[in-house]
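Please go over the structures that come below.
In the two assemblies presented below, chain A is common to both, partnered first by chain B and then by chain C.
Moving on to the complex of A and B:
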């Protein structure tokens, strides 16, 4: 199996501060990430805000400049690929954003919004595009007459369906979805989650889903990567990850998910502290100040992401072995 | 039985000018005793935040209110603005979803906390400043003396929420209203803030109205749960009873739609349709349009909250009342 979209030792940093005669400092947002999305697979990236998951997604799409490493699409380095191949990649990799209110042009009709990527990529004629828009609206569960209306006439859940239809328009192989549920009402989230599962089964899409909602990740993903302060600290199949997390950070995130009907909360046992500033990362394992199992070694030596067992890798000197 | 700390009887709130208003709360009853937590659950537009603002006397103007809302025996709906201002901060306090918009960006956090004590307790400024540092320590902020001189933007989201909590508990209120206090936070920081609220409640004995759309969070925090839909209560009762044996189709539907870690389903059950707009609330049961069990009788009249078990009530014609 070959990877469709791959980050190889990928790093992204952003300049901060600086001014006249004073050079800007570089904040590392993504640090040496190796992660491959296979065709047809659903890979989720989880982690707290500031873990670099959104920046990783944007770097894979080419929306932010890469400061180190490579993005490989269908075996080709995107930095050196010819313009035609890059254009093809832009068609093959589409994005769905968190905010369905901010991500749709309010001045275009829904039909215009969905047809726009087809026009940009020169796909079809005016008539075939119109037919394609109707087909896509049906696919995402919207009535055909929605094409003539404007985004403000739709609810949040319906707008997220419109955003999905737009992403699906040029028949991509990959959809990158950044928190696609978090702006929606609870009763609407399951509708969109079901739609994502159904579309994948029907079209054979690959998903890269960025989410902090671990229950939604568990429902949708085949594989999960946990990020912390710009680096991947654990990758595993979804069931392994959720039943036997190997990295203490993954275990801490899972333990923090509120459980329904389990009785009132008993304080204690929560992951302490905040994600540190990327400008002043702790020495050794960057997670060690928050880790209950940290030893002297963890404060000195950076743990590398290494294979643990089948399909599973962890960056920890003392990986957990028990079930949760 | 002692009188409850907070009691709503047929509470109604209409926003907007007379004749053109929207009934955002259309008749709500609940009560909360000292030291306990009422979880208020519902989706956007159900009226849960407006309930909080009605208690606090902060409803947007113009508005009209009806029914009664008693806090410590006083009907706060008829209270003059000055009287409500004295209650606020001193006896009842509120924390919000996004502390950045609730904190003053150009005043240090220590000063903002001290101001609470100066205004409500007439504490001298130097003493108030010392108490502000102690309060920051109380809410788990390390190096509180230095953090007191920080501006809100210099703190993380979790720390800003801790500052909000410090301000809210400064005058030891009898009631704390928390409106989606952890929605903007990561799960790890959310767990820290929930722990902090429970510890403060245990130590200070304050009652809490905990508003959230997240059923898991409410399950971990509440003694009783009020499920709201389109301005009314559809289910009300002891938290674990409501969550483990929901009786209203909306509550049952909300619980069923949640993906459950540990039990992966091929297709999640859904509640069809969208949340009803309060401007277009139908006569009869507002949920009927999305309900699989609805019949013609559901559109005829608004179902009353009917007891189904001890302390547990649901507003649905399909629910068999308790014997």
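Moving on to the complex of A and C:
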């Protein structure tokens, strides 16, 4: 099985501080991530704020400079691929942003926004683009006359539909969605989520969905990757992840989901404390200060992501084995 | 959803329409401009001239023919004011526009490309900003244009003085707009719609032209308007110092220069052009303030 979009040992750091004489310090936001997205697959990346999910998404798209490792698209390293292949990739990999109020240019009409990818990639003529815009508006459940209006005339949910229509315009293979639901009202979230599920069934898209909404992840994803402080700590199929989390951090995330009725407690309990500063990560396993099952080894030795069983991988010295 | 498409520009126009000082300012400017354009017809109609000297009718008081009297060379004061106004207002407009164009290009490049480009351009901006204005203006005004490769004919014509002032004011006046545009570009470059365009593979040129500049243009329009008032004053100062518009062409500034020797005998000759400069600058500032509040998304969206 060859991956469509793949991160190989991908690292991204941002410089902080620094001036004329002293060099800037590097803050690692993404640390050695290995993650592969197969064609037609829905992969979710979960984790707390500050875990590097958004940076990972932006690095995959080439929006932030990569400081180590590679991004592979359809077997080609994006760092060395020719410009034409890069443009082709940018057509095939589309992004939906978190904030539908910020991701649409207020000066363009909705039609102009949706047609922009077509213009950039020189797809179609003015007339066929217009027809395509109308088709896309129908696909995301907006009236065709929306094309002549401006983004500020739409609600958050409608804007996210517009953003989705723009992402779908050049008929991509992959949509990277960065928290596509979190800026929306709860009642609208389910509409957009159902739309994402439905589009996948109809078009056969692959999704890389960044989210901290575990219920939405459960509904949409085939596989889930958990990130903590810039590294992937667990990758598993969605059912295994939700029933038998192997990493204590994943278990903690699951336990933190509020439930109606008396839910069973997840081993490890809820997570104490906050995510540490990436400028001064703890030694050994970066999660050990917050981990209930940490041993002396966890404070010294960095656990590597290793296969556990059927399609699962975990970066933990003492993976959990019990079912939830 | 039933609301018709209302663009931001329509909203702004609605806000501006209710702002009477701004409308009054715009009205005064338009009226002044039209009056200045009408100078030749007025001359024909009254049988006077704002250009031809008539030494037999110097310092005439105001009457039915010379509505504002005549000046020290027997030229009709009103017509001369209108002809001067044509030059002054158009210099103001051209130089403000030129400054804004240069400033926009420099600011947008600095803000979008950042890093070394930003460093170099902004330090250059600081350098220009730190130049002492008036001495530099005088030095630039004293440059012999023939040595720069312009023809003798051009240099001797009235046009040379006009374009010289436009060029000087443009070269020294773009810094404010450059800083405004840079700040706006820096902020806009982080917005998700710009990231979205970049993720699509849009070129820097396209991102700047389609996404950044249209969203950064409001402060530029306001600054251009306000700058126009400043240019009028600079032009007056330059012409007053004798390095601006030269006879037989005239401007409000050069009329002030001529009037200074006669301030005791014919004070009105100084008061008229001075008052017109004052009125135009106030009108421009009212209009610019109105634009500023009309463009501010925080003002009432009604």
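Everything that follows uses one rule, which is that the second predicted complex is superposed on the first by the 315 of 324 C-alpha atoms of A that agree within 3 Å, B and C clash if a C-alpha of one lies under 4 Å from a C-alpha of the other, contacts with A are read in each partner's own complex, and residues count from 1 in each chain.
Assume a contact is a pair of C-beta atoms (placed from the backbone, for glycine too) under 8 Å apart; a residue touches a chain by one contact, two chains touch by 3 or more.
None of these values were measured; they are calculated from a predicted model.
After alignment on the shared chain A, the placement of chain B and chain C results in a side-by-side fit free of clashes.
Applying the stated contact rule after C-alpha superposition, one finds that A:63 touches chain C and leaves chain B untouched. When the two structures are aligned on the shared chain, A:153 is found in touch with chain C, with no touch to chain B.
When both complexes are overlaid on chain A, the residue A:214 reaches chain B alone and has no touch with chain C.
With chain A used for the fit, chain A forms the apex of an angle whose arms reach the C-alpha centres of chain B and chain C; rounded to a multiple of 10, it measures 80°. By the document's definition of touching, neither partner reaches A:301: not chain B, not chain C. Residue contacts after overlaying the shared chain place A:185 against chain B, while chain C stays out of touching range.
With both structures placed on the common chain, the touch criterion links A:9 to neither chain B nor chain C. In the superposed pair of complexes, A:48 makes contact with chain B only, with no contact to chain C. In the superposition on chain A, contact of A:309 is made with neither chain B nor chain C.
The wider contact with chain A, measured as residues touched, comes from B rather than the other of chain B and chain C. The gap separating chain B from chain C in the superposed three-chain model is 11 Å, by closest C-alpha atoms. In the superposition on the C-alpha atoms of chain A, no part of chain A is touched by chain B in one complex and by chain C in the other. Of all the residues in chain A, the ones that touch chain C in their complex are 58, 61-63, 86-87, 90-91, 94-95, 97-99, 102-109, 116-117, 120-121, 143, 148-150, 152-153, 163, 166.
In the complex of the two chains, the chain B residues touching chain A come out as 43-44, 156-159, 186-192, 194-195, 198-199, 213-217, 219-223, 239-240, 243-244, 253-255, 257-262, 264-271, 274-275. The touching residues of chain A, counted against chain B in their complex, run 48-49, 155, 157-158, 185-191, 193-194, 197, 212, 214-216, 218-219, 242, 252-265, 267-268, 270-272, 274. For chain C in complex with chain A, the touching residues are 1, 3, 5-8, 191-193, 195-202, 206, 210-211, 214-215.
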